[in-house]
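Note that the chains take the letters A, B, C, D and E in the order they are written out, and that residue 1 is the start of every chain.
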Amino acid sequence: MQVNEKKPLIVAFCCNWCSYAGADLAGNNRLAYPADVKIIRVPCSCRVNPMFILRAFQRGADGVIICGCHPGDCHYTSGNYFTRRRMAMLFSMLDYLGIEKERTRVEWVSAAEGAKFAATMNDFAEKVAALGENKRLEDLRCKK
Amino acid sequence: MQKITREVLIEKAASLLNEGVVSGVLGWKQGEFAYDVTPALFTTVDELNEQFVWGDFCGANFSKYLVAHTRKTQSKVLVFLKPCDTYSFNQLLTEHRFDREKVYAVGIPCEGMADVSKVKAIAGEGITAIESTEEGLAVTTLYNDAPVVIAYEDALAERCINCKSKKHVAYDELIGEEGDVLESGRFDQVAALEAMTPDERFAFWQKELSKCIRCNACRDVCPACTCEKCVFNNPVSGAETKAPMGTFEEKMFHIIRAFHVAGRCTDCGECSRVCPQDIPLHLLNRKFIKDINTHYGEYQAGAEVGSRAPLVNYTTNDVEPGDVFERGEENA
Amino acid sequence: MKVSYFPGCTLKTKAVKLDEYARRCAEVLGVTLEEIENWQCCGGVFTTSKDEVATKLSSVRVLKAAQDKEQVLVTVCSACHNVVKQTNHQVQTDKEFADKVNRYMAAEGGYDGTTKVYHYLELLRDVVGFDKIKEKVVKPLNGEKIAVYYGCLLLRPGTVMKMDDPENPKIIEDLIRALGGEPVIYNKRNECCGGYVTMENPAFAEKKSQSITENAKSFGASRMITACPLCKYNLEKHEEELPVVYFTELLAEALGVKEDADESAE
Amino acid sequence: MSQQNNNLKEELIRISGVNPKKCMRCGKCSATCPAYEEMEYHPHEFVVMVENGNIEPLLNTESLYRCLTCFACVERCPRGVEPAKLVEAVRLVATRRQGANHMKADDVPAKLDEDLPQQAIVSAFRKYTK
Amino acid sequence: MQRIGVFVCWCGSNIAGTVDVQAVSDALKNEPGVVFSTNYQYMCSQAGQNMIKDAIKEYRLTGIVVCSCSPRMHEATFRKTAQAAGLNPYMVEIANIREQCSWVHKDIPTGTEKAIILGKAAVAKVNLNAPLTPGESPVTKRALVIGGGIAGIQTALDIADAGFPVDIVETKPTIGGKMAQLDKTFPTLDCAACILTPKMVDVAQNDKIRIFSYSEVQEVKGFVGNFDVKIKKKARYVNEDICTGCGACTEKCPQKNVPNEFNLGMDNRRAIYIPFAQAVPKVATIDPNACNMLKNGKCGVCAKVCAAGAIDYKQQDQIIEEKYGAIVVATGFNPISMEKFDEFAYSQSKDVITSLEFERLTNAAGPTAGKLLRPSDLEHPHTIVFVQCVGSRCAACAEKGKEYCSKICCMYTAKHAMLVRDKYPDTEVYVFYIDVRTPGKNFDEFYRRAVEEYGVHYIKGMVGKVTPEGKKLKVQGSDLIMDEQVHIDADLVVLAAAIEPDKSARPLATMLTASMDTNDFFTEAHPKLRPVESPTAGVFLSGACQGPKDIPETVSQAGAAASKVIGLLAKDKLTGNPCIASPNELMCNGCSSCERVCPYGAITYVDKEFRMPDRTTAIRRVAQVNPAVCQGCGACTVACPSGAMDLRGFASAQIIAEVDAICK
């Protein structure tokens, strides 16, 4: 079956200790969010290299979200503080290059915030879907 | 026009060579064309007298060459550093990239360097000779009989128009007078871009970056790009690339490159100088510098040895990534 | 050494002696006070509001005049010092204010906040040095017990005035020691005398001033000194036992130039 | 809660540069205020009332003219609230109103005595009039 | 090429209800490297695990993917399963198709599609997995406790009780710390000395515990299980082994006017002294700044009177080197200086004192032998004003006070007020407070007793000014409830000074690479879940060095720290987490970026000789990761500009493979 409307593709990097557990909690509580969201587990949000984000966009992702512990609660004490600086700088640069800023986001989700995780993903997916397909960031060569 | 003469520099270099203080001199050498000056290592006074040049096209920043050179030798090398070069010099020291003991740094004043693209735009192609005169650059081409005289300010490179500092932040010896850190308008263009709509910005960068031929000159000249192995040459990095094909390929390259040097880039402007396609690459670096200054406090990479780069630092109340845009819009 | 000097209006009228002693002593100590030309009254009190601009221009002009001469600016009166120094601080820290001020000042050239403002006491401590003053003393105070009255304006706000610890200042005490006197340390020395409220409510000012002089007397002070004409007025108005004089008078006494100064002030 | 005047509150916060929310209600400002007994509303009340937008009573109180601007409250406040700046802002808002000068030139001669320094007169004028 | 097996779990209907498990296992069969794919009702069951084990053997699998519940649930289970079948446990990847798929998506086509994608990502990752073996390091079975206050004492006793040797390093001549200076303790009012000194004696008599008093830690090297520590034992000019603590020397010493630190300078001691009667070790110490013999060689009285011959004027500082498996920081606190708060006239009047000074004034071993007499004229005070929060909760004045609440002041002030009223009913006691904070067992009851039974006057408001005049201290303060400025003529004013970490803590933290907050309190590894551990492995926190604490809290934290230490020392070898950072030395620039983001100090640099591409050799600075210290966060991998630093188990190439699989 050929679907005309392309579903958005969203990559979510979640830190193992807070946000990935928050996503699990959302599952435990059966809090629905779009299946467009695909989660990649990383030990800490500070493991997310800007290259991974650009790579996802290059391969056709429509939105990328990084989730980590709340500042001050990092399992590794300071990892998310570095994430915060790196992503602030990277996202600002993407915006500067004219790339829709709604396609990138950082959200702090604790292990107890299943509801926040689901709400965040619903909201993010909605915003990304509203933007339509990612044209400015994808590398045609890598598309199938 | 430079205030210091070639002879003064040769004299300094020759005496240090003769005294045995240094065994080599990193300096500028004439290339194929008048505007084509290349970095070179001089080991004898004769070589200096024959080939050493100093003038309005000697933009090359030698700091980076010290990484490879100091590994090869046990003796000292003399390096001439313009004020902007000294920042790169310090940044490399901060990153332990060369042995300070093996370098004899001579700070030299700089009146700003000429941009060959600007010269060509006025005088035309086919340049056969350029002479620095009191009135300006006298340019002879294949197609004109009398030299075209171009005022210095008309030929000045963008990075020199917006020179951030005439002060040397590192040297063993200083020739000429020490200058000051300057108030420059180097972020004006960044601010102008920020003030555009996202569509305009996208169009701007699409146009500029699609000119990229991935020659890697920007990376190869960059004093912050001294990696033993560049991620773009490394198959396991996930970023190894060859020629650009798609529309995002070169953006990825330039974003990653700018990000890798963010907080470490001293804004020396070499990337834009060497770009054969005249892409304003410095506008990427300056965006990071401007953002860092705005959100994390004023920081000049290389201003002092040992300072902690902003991206390997944090405070507990840093701005949230989502708020960076909003602030940007307020400014716009 | 030459410095720019802002006497302020009271020093030209009711407090001529404060001014005259200051000038004479400066001469002895090798400092020339160059009075700013065409200065205007500072206004007596600093208005802290961020949107008050016009009332601060006279101070900015004084600061600018010192800047043009590349000199530090010296004041003697506590009130002038407070107004000028706080204005300078506002130019340095409040960009919006600085912009507005400079729009007013466009015709005279702008002012960027770089002038250094010294109170005469700071000049004595940081430029001349109390040690040097000690050497120049010809008539030491012979252990006289002197109560120092700082009042509010010399010390506060501490983050702006930066003269000394606002709760436990030492600068004038150290000066008195250099002059051979014995400072009386009493805690009301940085409490308010009643200030300009004396105009409306003299009884209140009297009460405030008396609690200060009583506190000083309870520690055996035989004289009280101050840097502010209004403080002096309030403190001595109803005080019968404790004479209140300007600190410059004490200095002039010790340096042996008091009589000369008195003559020329007459 | 009494009537709120949020516009005035915002203006006071803006021109004074004081953030009344920083106040932790320790009362040290009023503890240290030399003019306390002369005042109807005291420094800590200025802070709390501005925070609550309850400003009308402050505009009409004589307390505005009893503050000595001695900065003792500014110096000693543990939270850096700077109450005196807020009092000053309220005073300005009050005196800037048409015909609201607290002191008139005609009143001055009666208040003078021979020794009163000029400084007192200019200070009072700056504080009491606009 | 890997040989990968895929195992899709139904989890009963939990997964199979929304995901077509057959379709998933069929789809994944065609992924690169996959040689076997199946599904089963409960993979975590014994039968399911056996199915995995059999497949590993039968198909000679080199890696497996289990599509099941969250890895946080059963990753460990399946790793053990793999290991039992001879496969390296780190060759297992989990695709979370329950919590993150079947439970949150409602229809079968979407659920199935996503489950397949998640499975593909896991397969892509496993293709790049490599067997990992956790590193092992030995454990030195000895602990070091830095600080000999109640925190250090309790920690040392508990560790020794478990049979491990412990050394206590204390900078003062005796252990005991602040608690030894206290009179009574809240809320029970037992005497501090009565409950502390027996513990001090226990420490002295415990053959597992060594006390290095009058000593300080000079250097710390190494890592968890293997710290090398240098301790400087300062010369006390008395041979500790011989001195009997008889005290003859301290009575005969002619230098009588040395301010006595133990009584906070309120009386004097001799140049040779024993801080207090119950000191441990009870040996004399000569103060080299006060002793005439040491300063100019003229005296020698103590040596003459010492029957044991313990005096040794030639004694030198001694450096002790010892190995430890664990280090406990128990450096404690001090009241802040009152110098910057002279509105309270602390520097102007002897009768304005701090609460700790008040403790000494009411202590039977204090300068007034326990009689409450004011310092200036030794008269009995009839009106006492206590001022709380002096320098605490002070946001405006970073150079003066502290932004935090010092926590203990409310309670000890209530105690002081109560004790005064109990002993001297003729004395009026006023307490100025901003808030009274009493969150502890029996704390609020205690405070209320002070008010209701003992008649202490609590006034809500701060004191603005204290003016000494005549024999009185004129106190001017706010009564916010009465909306009044109150004026009290007091005889004694007691300031509840904020407390701050001991000054030795900051340099110590640097030595230990243990992190601190902006107030110089040690940071805990996790504020809620690991409150007694520092983020630096093997370094533990006890007492007020981590934050303001009262005695009960300090003792419980001390015990908790001890149990963590015991848990560590009980191991013969430490098994590390194999998912740690590892640098590729050929690519490393030695630029120090990674070191700067490492929260654990796991990265160091060495100079190494390398063969360069042009066949020359060069010495280069390269990073090294200590596997025992690295916790595997990955911050360094992103900070590294050249990509030389990678994280095992979460390598860049693995994550990129997942990204690619998802975005295909």
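Everything below uses one rule, namely that contacts are C-beta pairs under 8 Å (C-beta built on N, C-alpha and C of every residue); 3 or more make two chains touch, one makes a residue touch a chain.
Small disclaimer: the values here were computed from a predicted structure and weren't measured.
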Any chains in contact with both chain A and chain D? E
Both-way neighbours, i.e. chains that touch chain E and touch chain D: C
More Cb-Cb contact pairs, comparing B-E against C-E, go to B-E
Need the central chain here, defined by C-alpha centroid distance to the all-chain C-alpha centroid. E
The distance between the C-alpha centres of chain A and chain C, rounded to whole Å, is 62
Chain B and chain C: spacing of chain centres that average the CA atoms, whole Å: 53
Interchain centroid distance [CA atoms averaged], chain A/chain B, Å: 36
Going by the contact rule already set, what residues in chain D reach two or more other chains? 72
Multi-partner residues in chain B (2 or more other chains touched) are 231, 237-238, 311-313
Hey, what residues on chain E touch two or more of the other chains? 343, 465, 597, 639, 652, 656
Name the touching chain pairs, would you? A-B, A-E, B-E, C-D, C-E, D-E
Going by the contact rule set out above, which residues of chain D touch chain C in the complex? 14-17, 34-35, 38, 65-66, 68-72, 74-75, 82, 84-85, 88-89, 92, 103, 108, 111, 115-124, 126-127
Touching residues of chain D toward chain E in the complex: what are they? 22, 24-33, 36-37, 42, 44-45, 72, 76-81
Touching chain E in the complex, chain A uses residues 9, 11, 16, 20-21, 23-24, 26-28, 30-33, 35, 38-44, 46-52, 55-56, 59-61, 72-73, 75-79, 82, 86, 118, 144
Inside the complex, what are the residues of chain B that reach chain E? 71-72, 94-97, 224, 226-231, 234, 236-238, 260-261, 264, 308-309, 311-313
Complex contacts: residues of chain E adjacent to chain D: 343, 389, 393-397, 401, 434, 460-465, 476-480, 483, 485
